[in-house]
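Structures incoming, each one as structure tokens.
You will see two complexes here that share chain A, one where it goes with chain B and one where it goes with chain C.
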Partner chain A sequence: MLVFAASDKGGTGRSVTSANLAYQRALTGDHVAYVDFDFGSPTAAAVFDVPGAMRGAKEHGLHSYLEGETAEPVRIDVWRQTEHPLLRTRPNQSGRLVLFPGDIGGGEFATGEEALERCVDLLLRLNSEFDVIFVDLSAGRSYAVDMVLAATAHPRMRALPFRWLVFHRWTRQHVIAASGLVHAEHGILRGGVERGHDEDALRAAIRFVRAAVPDPEAPSGPQVSSAQATWMQACDEALRRLAADHRIGDSVVLGIVPLEPILQWQEQLITEEDVLSTQIANKETLEALEEIARRLTDDTHWGRL
Partner chain B sequence: MQIKPRQHLLDIWQAMARHSFDDGKLVRGDTDGLSSVADAERLLCILYPATEVPAFRLDQPDTTERDVLRALERVGSRLEIPPNLIAALTQFMRTHTGTDDSPTFSGGHYFRPAEPDGTVSHEQRQLGVVDSYSMSVTLCLATLGFLKVYEGTTTRPEVLKAVAELREATNARLTAAMISLLRSFTVNVFDAESEQGKRLIQVIGQGGQSDRIVLQQFSRRLRPLRATIIESLSRGIQVDEGIRDESQLFECGWAWGIVKDAPEITDLSVAVPGQPDGIADRLPYVYFTVTALDGIQDLFSDRTLTLGLLDADQQKLAEMLRLRWELSQQYWSAVARFGADRWPLEDLPWQTTGLRLESEYFSLTVAAILVHDLVRRKATDDDLTRTVAIMERLADRGRVTSRMTRRDTTLRLHTPGVTMPLAGSERAGGQLLWRMTDFSAQLLKRIIQLAELSRNIGAQDRLLRLAEQSFEHLWKRRIDEDEGAGLWDNIQAVYPDAKNVGNRLSWSITERVTECLVAARILYEQQPIRSPELAELARELLSEATHLFGKEQLEASAAADGSRARAMRSIESRLDHARNLVDDRPATAFALALPVLQELDTLAQARGAASQEV
Partner chain C sequence: MAPRQSTPRAVLACGEVRTTLLPARQALDIRSAAGLLALRADERVLLSERPGLYARSPATLTGVDCPLPSANGARIRAVGTVTAHAALTEGRVLQTSAHCSLPATGPDQRRPWGEYLVRPGVVEPLGKLPHEAVARGVLDGPRRGDLDVGLIADGLLTRLLRHPLLDQRAPFRSRPTRLRWAALPAAPGEGPSLERFTLAEDELRTVRLRVPEDTAATDLATLCDDLALHDWLLTTVVRMLDGVRLGATAAEDPGAAVRALRPAVDHLLHLWMPGARVSRELAPLWAPLEERPGFTRQWQAMVQRIRDQLTLHTVQAVHREAEPAP
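Let's turn to the complex of A and B:
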């Protein structure tokens, strides 16, 4: 299964959340690949704490591969190469977790026929090797988005199941922007149709993840006064209505990630350790991530409305 | 116990979902499918709040609230609730459709044999009854509205197909229910010298005046109604020619089912299959009249109009029903308040004239019509206050707000309940009875309706207290364990004397309580009643505060953002806020003005202290 992680704006926690989702899937036993198509700012390595590739691979990264400079993109086994003390001991029953970094200073580039063919090759190969392949795409309607839209519509890829996750923060602007990314004139849907996708089928494969959502009612959430809590609730209501009006209402939401300092500041993986021993992360956050990871392959949360 | 519509409704939904749904499917119990009344009541427990309460809407999965989803977990997830409800409704429509594809309205196990050891035959169980017609109108309108909104949110072809199928069945059922209601309306004409005539004269005259004068007053007061009946009632009814004779008495309202020899409705553009011959006597029952009124009013609610739920035929039928709705309200409201002194309704318990029954239950039903009429006409304070007193007495006499005494016969009002013979039912076999056990729930419903209407603090306060007491009584009566936990009815919880009555799941009581809670929400949605005295006081307080504030402003202020300047700005904004509120919420404005006055006084005193010291 291919999972494309997209967002309209930067700072939505797309990379850090999808890395966490990849980690959660690997914990449950899936072989997971994490493909960093965030050309421009490859950061996934930092989330997984693999030092050599902190700002991308020095050479033979995904850029080099797509441009035909190398036949095989470099791969990093996260369990073995991470410096994160807790990740180094690979848990029992866990699957492989492999990162495909971008190149340092790779930047955005125009895609051509050849790059597309190579992209298709790569995804097909990964699909036979891994259970879940996360593809982290640059923010906005980028070349990366176009490339994977074209790749998934490619005749050789027709049978490959794929799903889209659109990440956005829980504010007015982000809601409108996220809706625009999917539904607007130059959005993913229209772009997909231009490249040969069926609109309804594509729409059925897109779900949203609300990130950094404050929840006044969470027992371990921030302590707020009753007036603040009332205000937050009323704002939340208004935002939900706004989201529904922009066709990204609750029924197309795969999950909600609470506001979490670790994700905001450290941009790292949340482990059980963080919740249980050091207690620097909230239980709700970990549960939310586990739940979204589970729903990724749960068909009741996907399909047509 | 305070009524909290949202929380209590969620409790009911959760209990209902636990009892009636398994993995999203409607569970079939022993009695399900027997009575169309009970089945409709069960579905309305979910669908009625979902239609009437915005926060409980289920037709837009995008905005379904989280607490609602938690309560309905057994019905399905966010996206699955609407299709699962559609499946449950389709199942209902299918079950209650006859072999000739016409909707059926069977009373089923709600019919009781009149003889202690009698039985109810299969044919008798299939007889239609006004409860079912009326309940069907409400259910069908709720369903149509639900489908209309939900349809726009889904693109799944199999669901859209189910929506279309259900809409067709629901429309057919709605039309059939309306036709049946038309054909169940009746006018009973009788001589003043007959048994019934004498009883009616006695009830309305209250023994104060001679029969001749009462008769005269009756015909004078009801002359316009009589004229309307003669001129305008033609479809689905045959009115006795005797009505033209002013010396004849009459009653109008709904019989228990379709009246014998009621003509078929033929002038519809789409023919409706199956208009069964009626067997009911031409005898209006107050109970069935109230039941019919409750359903018919949904036909001209704002929601029905704005969503455009009725087709052309149904609009025509609705017009005819509206006329009958008006007539029966006016008739019974006039009868209940007849005469200049004591109202006949105040003479508890009410005596039915046709069948010579008496019970607090009938007083309650007559009061219910009166409430309907008061709501429609925007009651005067005097009418309202008198009705409040009647409600209080009924609650007391029905042992809702007072204690049962030893071997209290009032127990029978609640269990086994009040029965009345269905006149004419013997034409289909043995005589049948109809049994009402929902006294407390009906009482609460009418109290809340009255409270909603009342704009007088004294009356409303009494009504609210009464409503809370009745609600507490009802809430205690929920079944606490086993089948149907959290639903009704466990009579022993409030009347320990009720021996041999175990928990008995009653959809009629559960549905009534749901209705009460929906009505209670509307009550709280309104602006609170404002007290003119308090508004006056608040205005005077504010006037003084504004003056003092103006005076304080005369003093030099040092820094623009010093603590003094900040205090002044805060005072100014609070005064503004209080002045804005004084018309709508005088008590709040009053409370806001007090600390401002205190603060101003502290400033003034401080200045005074300084002038003494220097």
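Let's turn to the complex of A and C:
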């Protein structure tokens, strides 16, 4: 299955959350590919902690591949090449976790027919090899978004199941922007239909993930006064109404990732050790990620609307 | 410039084979296989039904003029043609294979193109060929811009995978493999030998051979296709068994093992026929692999394991049915 990770704005936690979802799926035994189509600001190498391996990706990354300059994009086996001490011992019964990085310094580029064919070749080959393929897309209605919309409508791709995750933060501006990315005149739905997608089928394949959501019910400690807590609850309520009005209400939300302090400091994978041993990460964050990873392929969360 | 008459003797042959599961729900029958592999209008696809369904495309030629890879850093330019073909075994396993052979010396300057075209599959060095260093360079992997027969095999594979006959619904997930090979001359009077077979990376294998000087490069390519096919079968079935959780965890979902192993029974177990298409002269090269690590021994053990799992499942199912309902 292909999973496209999109967001309207940067800083929504799209890359770090989808990398964590990829990690969680690999832990459950799936073979997982993480394809970095975030042309412009590739961050996956940092999240998976493979900076050393990236040096080899200078000129054989996904840009070079799509432009026809390299026949096979470089692949980084995360378990083997990560510099993260905990990840290096590949967990028992886990699946493969392979990163396909973009080229260092490669930006957005215009796509032509041949790049589209090569994109289709790549996605088909990955699909024959991996159980889940995460494709991290540049923010907004980028070339990357257009390319995968065209690729998934391509006749050769008819048999490939795909799903979209749209990441947004839990603020007014982000809610409106995320809705716009999907539903607006120049949004994913309209763009998909122009490229041959069925609108209802495409809509049914899109879910939202709210990231970095503060918990309004959190006990008011020394840092949160009761007045602040009441205000936050009211805010949360207003945001829910706003989201529903913008057609991204709870029924199309796949999951909510709570605000996680360590992710504010550093984009990284959240491991069980971070929660249990060192306790630097919150249990709720890990549970949320595990649950979203599970729901990705649970059809009851993808019923048609 | 008078055209040269004879082809100088080859001191190095090298190639690369890509092996992958055909991305189609149904295995291709012999007619569809011929359709898929009809790379040229002027030459027919080779088809054979004994001892198994096998189709091989006509050869295609790719002109090259580039430096050769070499382990000692020497940059030797070479010019000629690389030959490539595709093969489909039992309508299920697709291989593309590119190779060329190189003589010990070539003209100091590039000749008119026509002179290279009359020697299909021969790439001539400008000057002397340091064949040992180039063989090592080939097996270590060429640098960007060097002669890379793997790219030619990959290009052919990409072209075939775009064919409309393929519905892109492979019956199970698997990984393609690459097998890179180089053959150097054996000592005078010696028969062919396999010097090294390595699993270099997850999906890369390298093979180093010594063969008598008069060995045909096409026979070598056929042998290496055969090695690649059987290595892919082993690799694929090993991974399939790896992915199956047996024992206690299997009890939660007794059907899981059957679902995971069934594709092996449906599509792969009957493909094991090492050496079936290899020329008589090169057939002995299978022997060392059979001895250690013992390709067929490992295969038999896995086949047995798969059958045991399926039997166990059947016994359990019958047992459950026989139990009175609570």
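As a working rule, the second predicted complex is superposed on the first by the 294 of 305 C-alpha atoms of A that agree within 3 Å, B and C clash if a C-alpha of one lies under 4 Å from a C-alpha of the other, contacts with A are read in each partner's own complex, and residues count from 1 in each chain.
Keep in mind that, in the parts below, a residue touches a chain if its C-beta (ideal position, glycine included) is under 8 Å from a C-beta of that chain, and two chains touch if they have at least 3 such contacts.
A quick note: this is a predicted structure, and the numbers were derived from the prediction, not measured.
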item: Fit or clash - chain C, chain B, common chain A; value: fit
item: Which of chain B and chain C A:E59 touches, first, second, both or neither; value: second
item: First (chain B), second (chain C), both or neither touched by A:G249; value: first
item: First, second, both or neither for A:T300, with chain B first and chain C second; value: first
item: Chain B versus chain C as contact partner of A:D131, first or second or both or neither; value: second
item: Chain touching more of chain A, residue-wise (chain B, chain C); value: C
item: Which superposed partner A:R156 touches (first chain B, second chain C, both, neither); value: second
item: Partner chain(s) touched by A:E117 [first = chain B, second = chain C, both, neither]; value: second
item: Contacts of A:G29 with chain B and chain C, given as first, second, both or neither; value: second
item: Touched partner set for A:R240, first chain B, second chain C, both or neither; value: first
item: Lowest inter-chain C-alpha distance for chain C and chain B in the superposed arrangement, angstrom; value: 21
item: Touching both chain B and chain C, residues of chain A; value: none
item: Chain A contact footprint on chain B (complex, rising order); value: 60-64, 77-80, 153-156
item: Chain A to chain C touching residues, read off their complex; value: 29, 31, 59, 71-72, 77, 93, 95, 117, 121, 124-125, 127-131, 156-160
item: Chain B-facing residues of chain A, complex; value: 200, 240-241, 243-244, 249-252, 300, 303-305
item: Complex contacts: residues of chain C adjacent to chain A; value: 20-21, 23, 144, 151, 154-155, 158, 161-162, 167-170, 173-176, 202, 243, 245
